[in-house]
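In what comes next, chain A is part of two complexes: it sits with chain B in the first one and with chain C in the second one.
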Partner chain A sequence: MKNENKIKSVSYAKWGYIFILPFFLSYAIFSLIPLADTIRNSFYEYYAFGLKTVGPNWTGLSNYTSLLSSDLPKYAWNTFVMWILGFVPQIVISLILASWFTDARLKLRGKQFFKVVIYLPNLIMASAFAMLFFALFSNAGPVNSILLRMGVVGEAIRFMESTLGARTLVGLMNFLMWFGNTTIMLMAAIMGINPSIFEAAELDGCTHTQKFFKITLPQIKPLLTYTLITSLIGGLQMFDVPQILTGGKGAPDRTTMTLIMYLNKHLQAKNYGIAGALSVFLFIISAILCWFVFKMNTDSDPDGSKSAAKRAKKGGKA
Partner chain B sequence: MATLNLKGITKIYPHSGEQKKAKKGQPEKKTNLQVTDEGVIAVQKFSLDIADNEFIVLVGPSGCGKSTTLRMVAGLEEISGGELYIDGKRVNDVEPKNRDIAMVFQSYALYPHMTVYENMAFPLKLRKMDRDEIDRRVREAAETLDITQYLDRKPKALSGGQRQRVAIGRAIVREPKVLLMDEPLSNLDAKLRNQMRAEIIKLRQKIHTTFMYVTHDQTEAMTLGDRIVIMKDGYIQQIGTPQEVFDHPANIFVAGFIGMPQMNFFNARLTAEGGKYFVSVGGCKVELSAEKSKNLAARKVQSQDITLGVRPSHMVLAKEAGNTLSATVEVSEMMGSEVHFHANADGKDVVIIVPTMDSNGVHIDSFHPGDKLNLTFSSNVCHMFGQNGENLEF
Partner chain C sequence: MTKKRILSLALASVMALGLLSGCGSSPGGSDVAPGVEGKILNIYVWNEEFQGKFNENYPEVDRLSDDKSVAYLKDGTEVHWIINPTQDGVYQQKLDEALLKQNRVSADERVDMFLVEADYALKYIDPEADVAMPISQLGITETDIANQYQYTLEAMTTPDGEIRGLSYQATPGMLVYRRSIAKAVLGSDDPDTVAAAVADWDKFYETAEQMKAAGYYMYSGRSDTYRVYSNNVSSPWVENDKTVVVDPNMMNWVERSMEDTLEGINHKVPGQWTDEWNKDMGPDSKVFCFFLPAWGLDVCIAPNVKDTAASQDWAACPSPQSFFWGGTWLVAAQGTDNPEHVKDIMLKMTADRDILRTLAVNYGEMSNDQPLMEELAQSPDFGIELLGGQNYLGVLSEVAANIDLSNISSYDQGCVEEFQNTFGDYFNGVITLDKAKNNFEMSITERYPWLVGGGVIWP
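Coming up: the complex of A and B.
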């Protein structure tokens, strides 16, 4: 009798747990524990001084306060400016290209070819891309020599030595690397819209521009939100391009130094306390920004029932 | 309100590179379309004059080119050949928005991010109409369609039937010259479809405009249309009032397409003997009525093998065998007021509709699977089609 009971209660659930175990194990070892450790470290004085290791000594919030009084706001501003320089042209060009490529009436030829070409820069490693730009735009590089030959400029432009030049180069590279990706995603979103909606709009009297602003844009809003959030997080973590382009110096005068480059400096100096505090800052900033973007772009009243109820209430009172 | 003239409208989809590649591998899937060197022909020389205020229904099986024709009228497809006139003005190269037409789509095509009110006001706003006028028109249309209480809802919150009303509302607020409808009821369930069909008939009495309606449903075609255009493989098969196409189908296709259950077809022999015409099928020989004989004689029809078409309700049950066609009942379907018998006559399926009781309330003998039937048909209501499928009388 007892034996029979045992056979009956065979549970297959354990296999489910066994199958998902590898993920949770690796997540815990490589992500969760380091994450917790980072946060813990941010409250300690803990750095290497020559061959000696100082700490860990509990210091409370002093890492945070010392960061705030350092050049952190300046680096945050740098990051933001370079992100904007890359993101604005990226989203504009991507929207234009996506609406061209998806317009059935234009009958563009070689769509497939262009889709591949604009996606290609994304496949190149960011560091290789940065090296390439470093060579192209150096003082004696090909861009300068072409400009000189054509007589556009009198003397070589020192791209890397001006704040605007260096920042624009970083923005340009980010734009080139990501606009293909964004275009493909926007195209997917636009193609997901029922084509008869566009036809209805055409019959209702929309011009091409009106169709874009009144029909396409509102309908791809969820994907635009997604693009904005991922790009924002990516922007906050901007590191490889400016690091390689400026040799980690953030030249000129640290105006291209991003938050993560700064973090990297502390890590190299084995200052785990400050680096941890900086990471927590970054986490909080991204969380706040994402919450903002999300609130801004989500339709809080998807079926119109809320506003209808509100109006009904008003009507009832009056 | 406008007349609409289609003169030899043709639509050819040119071959694209991909289609040519497909040819090498598998055979073409759509065999009902004509593939020529120029491309795939979807609509062939479509000519039709639609009067002001007329309700025209295009009907046919899927892929027959009815929707393509409608979309060419709307301007959503380019016209490959022929000419299109709205109110006497050639509009081949006029943009859709300037043709003064409105269209109702099968998928409703409502703007999901706008409320019902905004959806309906949208075409008027684009025309920069006065705000009060927009408001008046939208409320009037909402009133007509009984959707006033949903005006500040978004399409998501509405049921299929309500969405379709909004789509119709968006089309009629503009008071367009021509109202096009592309299978507007196909996405609704059967009950709602019947209800909306009645609504469309009512709507038609309220607003004065020319309708062009596409459907694959013959019931919709018969009940809604002033005239029906039956299409197949891009060709018009017949144009006529519902009664005309039912009573005098131009060919086998129309005969089989219109009418539920389908018309019965028999291989038969038409013989002309001294000015009289006889049709013999199986063991049954029937002399045609004087009117039919006159029609056939007028067209100098000779004796020949024909396809005989008789509608299920026009089949006659004979009491005794003799000059009759014998058949075996396979299935009997009780419909209430009538019974549908599916019988086998010489290997051919035949459907016979018999009322369950006569006008005196006496029940008519019922049959069961396996029973023998003796069939004949009335000489007034049979249809004769020649070898090419054309009706021999007309």
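Coming up: the complex of A and C.
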């Protein structure tokens, strides 16, 4: 009797847990514990003093208050501006390219080739890309010598020494690196639209522009939002491009200093307290943004029928 | 998201590489037994300058690995070089990490020797930090180093009376100018004539006006004159590890640099070691002079004019105000498993007259042997090709004898970098002087967190 019972209660569920255990273990070791440690450090005065270490001494929220009184908002603004400078052209160009590449009527040749080419900049390491731009646009670099030789400018343009120049270069690089990736994502979204909708529209005499604005755009809206938010999270972590381009200085006058570059400055000084507090700020902002993505991905009303019903109800009442 | 994924991939591959390279090192790294030397000698450096001089001149070097990264000594010991750039404190960061785990790693992985510059030497030779071994402990006596320039020893002497580092060079500064431009503007390229034309700052700026009128630039950029001012300050950068004191002479530099930038006396080059700076030393440049120590001839100018019309178009004369720049000291790391090798390298490279003579003749180096330098200064045979055969040692001997390192501090590198960076925006016309001062206060406390409460005192 006893034996029979035992056999009956054998559960295979434990194998499931065992198989997913490695992930949770490595997640705990490499992500969760460091995360908790970062939060803990943010409440301490803890930095390297030459070869010695000061702290950790409990200081409560003083790291947070000193950060809030620093130029943190300015660095957040810089990050945002440089992200916008890259994102706007990126989404516009990507939309145009994606709708061209997927248009059955436009018989573009060499589509595959172009898809590869526009994706290529993404394969180069960001730091190498920034080094390249640094060399190209330096005061004595090739871009300036071409402009000088063609007589476009009388004197070399000092790109990195003006806020506009440096920020534009960062935006340009982010655009070049990411528009291929976005194009391919948008193409996937457009190809997911039922072709019969386009056919019906064409039969009704719909123009190209109308097709794009009235059918394509509304249909890919969820993916556009997804691209926006993920790009925003990526933009929040902008680091390597401006870091390498300005040699970590965020020149001129710290107008290209991003949040992570600022974090890096504290990490270089081994100032774990302030760096921890800054990381917590970033964590909170990222968490809010991630919440939006999560909300979107678990949409309870994917085809808009519920909200339409709601509107209709409201309309009926009014 | 994709960004994140790529980053994690990159990190993973770095880790994998790390694991692989870990396999390469021999597992037989046992702990130090007295008298038995380790098989691997690790030397921390920031560029390939000393490595090259070592490989070519240290008599025990048997052969090099194919990529020249490892030198095999005759007794089979491998010399490994760990190179990290000075800029942004990267070298110090990596060296700190290595020194702090010195006691926890196997003997073959320990730092055996590291090099330091005047800008941060004090941080490492501090007896309290206890990372640098006194040379007396290695068995180097005062008679071994009797010929070295006194200042190179004084700078490395700690309050406990011990010397913790030796240098192979003396680094007094001089004014290195282009003969062709001197001929065109001053009528003569003779060092004495030019020396008279730049005898003091007033004369220097009279000449600068002439250069400007003739379409030349007097010097390359504000960083070039920085050392001339920063070496002539009256106190160290930081007081009691608490308060930053900006010397009046530093503000003189700011004022003068701004004027020169606006007037077009300098070529507006934003910093040293940049592409533009190198081009200014090249054959097609209109820049008249550079402020350099002897090592600058071989390290800075020579690579830019090699095999060009300007390869011998240079000469040297005294600077309007004396200065020094740099200086590399060899330091034995506490906890080394190769004390005998380290001792021998330090002695051979910094006190062996034959090697020091070779360094002077082949590299234009001002070697750390006062009698030898004085002898060479008189010798008609000693001339540097780059300088058109000029014997520049006469220019430097007097300056070398008077170098005073009493105002250096362990903060110098940070202050040099941050001061030049923040005021760079001011010279470029992006911000006001007050904003630049603010930015400096902010940057310096970011770099040295313990200075937060102390404030910055401006003259």
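Everything below uses one rule, namely that the second predicted complex is superposed on the first by the 274 of 318 C-alpha atoms of A that agree within 3 Å, B and C clash if a C-alpha of one lies under 4 Å from a C-alpha of the other, contacts with A are read in each partner's own complex, and residues count from 1 in each chain.
Convention: a contact is a pair of C-beta atoms (placed from the backbone, for glycine too) under 8 Å apart; a residue touches a chain by one contact, two chains touch by 3 or more.
Small disclaimer: the values here were computed from a predicted structure and weren't measured.
With both structures placed on the common chain, the touch criterion links A:Q237 to chain C but leaves chain B unconnected. A simple residue count on chain A separates chain B from chain C, and the partner touching more is C. Of the two partner chains placed by superposition, only chain C is touched by A:A251; chain B is not.
Contacts of A:D37 after superposition: neither chain B nor chain C is touched. In the overlay built on the shared chain, the residue A:D71 is in contact with chain C alone; chain B does not reach it. Taken together, the two structures place no residue of chain A in contact with chain B in one case and with chain C in the other. By the touch criterion stated above, chain C contacts chain A in their complex at residues 1-4, 10, 87-89, 93, 96, 99-100, 123-124, 126, 128-129, 131, 269-270, 274-276, 279, 410, 421, 424-425, 428, 430-431, 435, 439, 442, 446-450.
Residues 194, 196-197, 199-207, 210, 214-215, 218-219, 221, 299, 301-305, 307-308, 311 of chain A touch chain B in their complex.
Contacts from chain B toward chain A in the complex involve residues 74-76, 96-97, 101-103, 105-107, 109-113, 115-116, 122-123, 126-127, 152-154, 156-157, 170, 174. Contact residues on chain A toward chain C in their complex (touch as defined above): 47-52, 54, 70-71, 125, 135, 138-141, 158, 161-163, 181, 230, 233-234, 237, 247-249, 251-254, 265-266, 268-269, 271, 274.
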